[in-house]
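The following pair of complexes shares a single chain, subunit A, combined with subunit B in the former and subunit C in the latter.
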Partner chain A sequence: MNRALQTISTRLFTRPVLPSSLGILPNAGINFIPCAWIRQHKLTDQQMRLRYKKLHWHKFYNDKWVQRRGGGWDEKMTPENQSFMQEVVYETYTNKESPLKDGPWKHGEYTTNPETIRTGVLGLKLGTLPQWDKKGRKFHVTLVQIIDNHVVNYTPPEMINFRTLFTTRPLRRDLHGKVGMLVVGALSSDPRKFTRAYNGLFEQAGIPPKRKLTRFFVTPNSVIKPGTPLYATHFRCGDYVDVQARSIDFGFQGVMRRYGFRGGPSDEYGATKFHRKRGTVGSGRKHKILPGTRMPGLMGNKLVMMKGLKVWRINTKYNVLYLMGPAVPGPNHGYMRIQDSSLYERKQKLTKDNHPPFPTYYPQDGKILDEELFSDDIYHFDQPTLTLDDVQIAPLTTRRTTAKTAQKKK
Partner chain B sequence: MALAFSNTNKFLLNNQHILRSVLILSVRYKQRGHIADHLVEHHRKLPLSKVKTSATEDVSQVNDEKNQNVRTTPHDFKYVYPDFLPNPIPFLRDRILEKLERKDMFRRRQQIDIPEFYVGSVLAVTSADPYAPSRRNRFVGICIQREKHGLKHEFTLRNIVDGLGVEIVYELYNPTITRIEVLKLERRLDENLAYLRDAPPEYCTFPFDMEPVKLPPGSGVPLNTIQVPITSTHWQYKWERHDLKGVLLPPLPRSVRKAAERYSEPWRQWDIMRQYRTEIHDEDRDEIFEDIEKHKQDLAQYRIDSKENIKIIRTRQKAAGRKAILDDSQQTKHSNPPTSK
Partner chain C sequence: MMKIRCCLNPISRFQSTSSAVSRSRLTNDEIRQHRLRIYNNERQTQMERIRRVEKIEIDVEDPIQSTKLLMNKNLSTPYHCAKHLSSVLVDRSCLALIDDEIVWDMNRPLERDCKLKFLHFLEEKCEEQNRAYWRTCSFIIGYILETAFKSNYNVELCSFPPPQFQYGSFAYDAQLNIGDWKPTRDDLRCLSIQAYKLRDNDLRFERLDLTQSVAEEMFKYDRFKLAQIPYMLRLLSPSDNQTRLSVYRMGDYHVDITRGPLISSTKQIGRFEFSAIHNIDVPSYNETMQRIQALSIPNQLHLHYWTFDYLLERAKKKNNASIPTLTKPKTSDNKTDKIE
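Coming up: the complex of A and B.
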């Protein structure tokens, strides 16, 4: 009887913790059961994470909000009619009046004291390449193509309800109420593939419907007018970048691959039934498996963030970024959210004079760019071969000739 | 499950050598957050993507140019330029990735003359070494294998120095390599000569002051049909299990021969998909070869403009030995650059 009551109460009370400013205790209300032996459950953030395990499942876009996929049935059109319909679709978007004709919104000013957050960009992972720096050291680089990005929508900070958005993976608490939301879309496609409700999202911006949408939370001074395209030159060479992507799906994996456990010896040493197992699962005393014990399960296919990746090169013709490292999450042709780095060291270097194009790169403002932009440290193959004549080598330290004890002089 | 990703090194059949990334042979159907490969190209070519004026050019112009210049690519293109072969894992391929990679490769080939060589030819490679007093390190050796594709292309040179076998793996596009000379251009019967490690030392020793062997102009690349005996008692790999033609194996016990028969895969000669993966196909072939032809013209122009004419003359003379490989139609084109000295 006691056990049953306990289980009921844990399920009722372990809801997301309400903010204390409201003055409501979790126990109060209809769900209060007066029992002397039940404690108030105040779970810490980590405990919350372990119970819900939704840390990695924050949805930047959910199909349930607006139904996306539509059409797809055989309309039984002749090939001529099909080609005609296609032409019509292409022409409507070329002839559409874009809201940008009135000019972009007023550019805000880049400030460091009340910190400014710029938009991010949606990219597609292409693959990896090796590159060399000016000292002849090799490193790997991932290419990310920024195909067809447009800003779709902007909501000011007053219209955002953070409690509904961030229940499991909270945005920084100090930004609540100060930050607006920009919706960015990638890969424009045929409106016949989507529902009318989804297509309606893009009418104000005057762009064809996008295959993929995400949100970026920005400060009001870095607002961009819906309908503006975003390019790879939104970033500069030498800047640092955070990348969010869904990691590769490994499926149901054992403990050795998932967490890197050592496992057991092979059959050669006479090991009976212990080659790839976990071993013990708890301690002798506590009759309980602690939440968060590492066990086999589904591995990968969840949102992963990688911070502080350097942008080595930019190709303006194909809108490709060369990011540091081969270990960027996700399979090839996977979507990636790319934002300015939130690391403290990297943010410190950005000042009013030295900051990336704010709020984005507008091609009219600047001159015609070179096809390829390089950062200072990288070797680009137009340069002559690296003869490391300038490299200085530290001299060898003098060897210890006398014994250590002899040096101790009293 | 045998590793099919390395075109030349097929000796690694042990499970321990299978890397974590190799397990993912294809993208799982449950994987979310990615796009199908054919849709990426579809979106790049859609006119909807050029609705608003972009800072970039259109990518679809390439298709129109292709039909105008129909070239016959030579049949041995994949042997002469193995680094331009595509990634054998098809789902890791991307057209723009390869295009940008090729651009870097051509730029590097403008700076340094990367000669044509095969597995079994003797090379001398000078690279920049900050630890040497002359700041240069020269190594001579026989090319054992050529692996990987694109900018990652590597070749290993083997030699025996002071009685010790030394193998060095050089990345072909490493910018610290100052010079690659072919001292002896020839081919062997196998794609991978790792069995030289178990062969007597005289088959791998080459003096560092070896003089380059000049081939008569107009001759093809000679094929060395030497059969190397394997004399060491402990073999690194089980040479009898791989179909090696340039090897003279000692008489083996019956059990070993039977095991070799069990592990042999005689159906591989009819494996069309494996052949497909090692080749460049019609869609890409013309595009790649066009880029190479364009690079050659740019290179000729670059060398006219640059000051290092003396070095150019030497390399052009060597080209006489390579002419025979290409088709007759190409010979006339190649005769033009030498006259522009």
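Coming up: the complex of A and C.
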């Protein structure tokens, strides 16, 4: 449907408007595709769930924009011809100079007063591993690989119309007209798997076609020329990031799994036909079921954001970030958007002198990074082993020798 | 209007030994219609010579169906045999193989009892089919050149070189009479679209053997073809008393001289893209002509656009196949250098 028509129709019909008394959520960043609600508002859980329901369904890429997948049929070539065409595909994209006439774009300056928003990066969730801190405590990290990232396209702020891009209301209206849009792609692929229209998106930047695309809104000073690669060292060890990804799809689930209801007793207690049900559904005298009532349904497979994950470690050879926590949304081999954290506490610590590589990390000739970069707090196994002197142990309580017996009152 | 026409039409007259009829007043369309008329008349006279319908026995050997068919001599074609068997054979077969030796057109009447096999493009050994396909595509370039230009431009077709895959493209040599025209990408694309229209029309290729007098009557407005006819005449079978010229007609649209077998119908064309136009010097005719090159693959072979574009880059280079020459045939079985 025509995007303009869509926005008009949503305004005319039942779209609940945010009351102006609420103000703008302080934790909302421009790149926040709203999904997981934050407890700093006056609406109930149910009301919030109803409001943000449709926004969970945001897709990274919609085929209505440009038909993506093409090819894939058996071309019926001899094996020699097949291997030759494979070589041709590799050769066309190695050592390819940018076809653009002008030179590199000027790097902007990092400013804190008019807020600077850097690009994010598209990563691939690999799995989880345990890590230890310098006090010997174990925690889990998720490995995320920044796989073949390139900037594909830049749109300046004048060409962006927020009303067409955000069909729901944008959360940072004050940035409308002040942010440009960068398209970032991950995982270079064979052009024979896509349509001609999709391949054409990458021709101007001179990069091979990417399997995944996403967009990030950036301030004009952090603009990057299309065709530059993005690495894991775009972040520093010790930085905090926000991660957006689609959660694991559990399918149609009952109320116990989905919302953690307690259900009923087992058959041992004589319960008849009430073990995993919801129970009552009504609400007093109201002759209806309230909208937003929690019932069985599809669980998972929705956009989820996790904020404030610490980058503990970076592997520069394979471009892997080690992010805090095992619960990063999505299954293994799922794609995720990774950005600088929009949490107030974490943003306060960034100044003009202390900020991540701006606009992004550019490898310099002659300067080779170590393969593994560690944050200050992490313990890596090249270091001498931790001893008990380093670690403080709480004093032991006295051991009980006699049995606990009731004392007779005297 | 006539004045403007003369200004736009600077023809360099080729003073040949044979009497070339002046064509300054005839358009390409009219010349084409003349050829088709002569073809129709000749075909009708040849059909009338068949007094009695005789039967021949044909042994069809095919992995799908193997049968013996009773067909009409000098009337039934391998295409009719395929129609008796299955639509798969009708759609995909481009050539027929008689007695495991002779390559035969699908639309050419069968003359005697034989063993028949159908050839298509997805076999292991398909060199004959590929060559027939590129030969057909060169033939089609000739038709497009005659019909694609505006009526005030006169295109004179010369001939086309035999299909050779190492040159990366097939070509047609013609005198375009346009002067310094460098076709843009969009111009070439417009030419290619004409070929796709032919594919939709599903035109069959029919063969006719002409005597020298009929051939000269047919091509009396084409000076290059007239000059070639004496060199192209051959004895087609040992029992023949006269040398003949083989001529093919595409549907109801176009007639041209060519020796070798062509494919069954234009429906079997897949991608067809004109790649480039280069100038060539032809000393035999004392002229500078244009070589129009193109690239095509059959419908059965479904290539991704990226692979085809890679082959098209190669097809844009100048095709170094043999230039049209007027030489007497050397070998005993009358193989000429120019046209196949």
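Throughout what follows, the second predicted complex is superposed on the first by the 323 of 410 C-alpha atoms of A that agree within 3 Å, B and C clash if a C-alpha of one lies under 4 Å from a C-alpha of the other, contacts with A are read in each partner's own complex, and residues count from 1 in each chain.
In the analysis below, a residue touches a chain if its C-beta (ideal position, glycine included) is under 8 Å from a C-beta of that chain, and two chains touch if they have at least 3 such contacts.
Fair warning: this is a prediction, and the values are worked out from it, not measured in the lab.
After superposition onto subunit A, the partners subunit B and subunit C occupy separate space and fit alongside each other.
Of the two partners subunit B and subunit C, more subunit A residues are in touch with B. Legend: residue contacts after superposition of the two complexes on their common chain; A:G334 is shown touching subunit B, with no touch to subunit C. By the touch criterion defined above, A:K76 reaches subunit C but does not reach subunit B. When both complexes are overlaid on chain A, the residue A:A197 reaches neither subunit B nor subunit C. Within the superposed three-chain model, A:F381 lies in touch with subunit B and out of touch with subunit C [touch as defined at top].
With both structures placed on the common chain, the touch criterion links A:A271 to neither subunit B nor subunit C. Superposed on chain A, the gap between subunit B and subunit C at their nearest CA atoms measures out to 16 angstrom in whole units. In the three-chain superposition model, subunit A touches subunit B and subunit C at no common residue.
Those residues of subunit A that touch subunit B in the shared complex are 89-90, 93-94, 96, 98, 100, 124, 126-127, 129-130, 132, 136, 138, 143, 145, 147-148, 150, 187-190, 207-208, 211, 227, 229, 231, 233, 245-246, 248-251, 257, 301, 315-320, 330-335, 361, 363, 369, 379-389, 391, 393. Of all residues in subunit A, only 70-71, 73, 75-76, 85, 88, 191-192, 196, 199 touch subunit C in the complex they form. Residues 20, 23-24, 27-28, 30-37, 40, 43-44, 46-49, 51-57, 59, 91-94, 96-97, 99-101, 104-105, 107-108, 110-112, 128-131, 135, 150-152, 171, 173-178 of subunit B are the ones touching subunit A in the complex.
Subunit C contributes residues 122, 301-307, 310 to its touches with subunit A in the complex.
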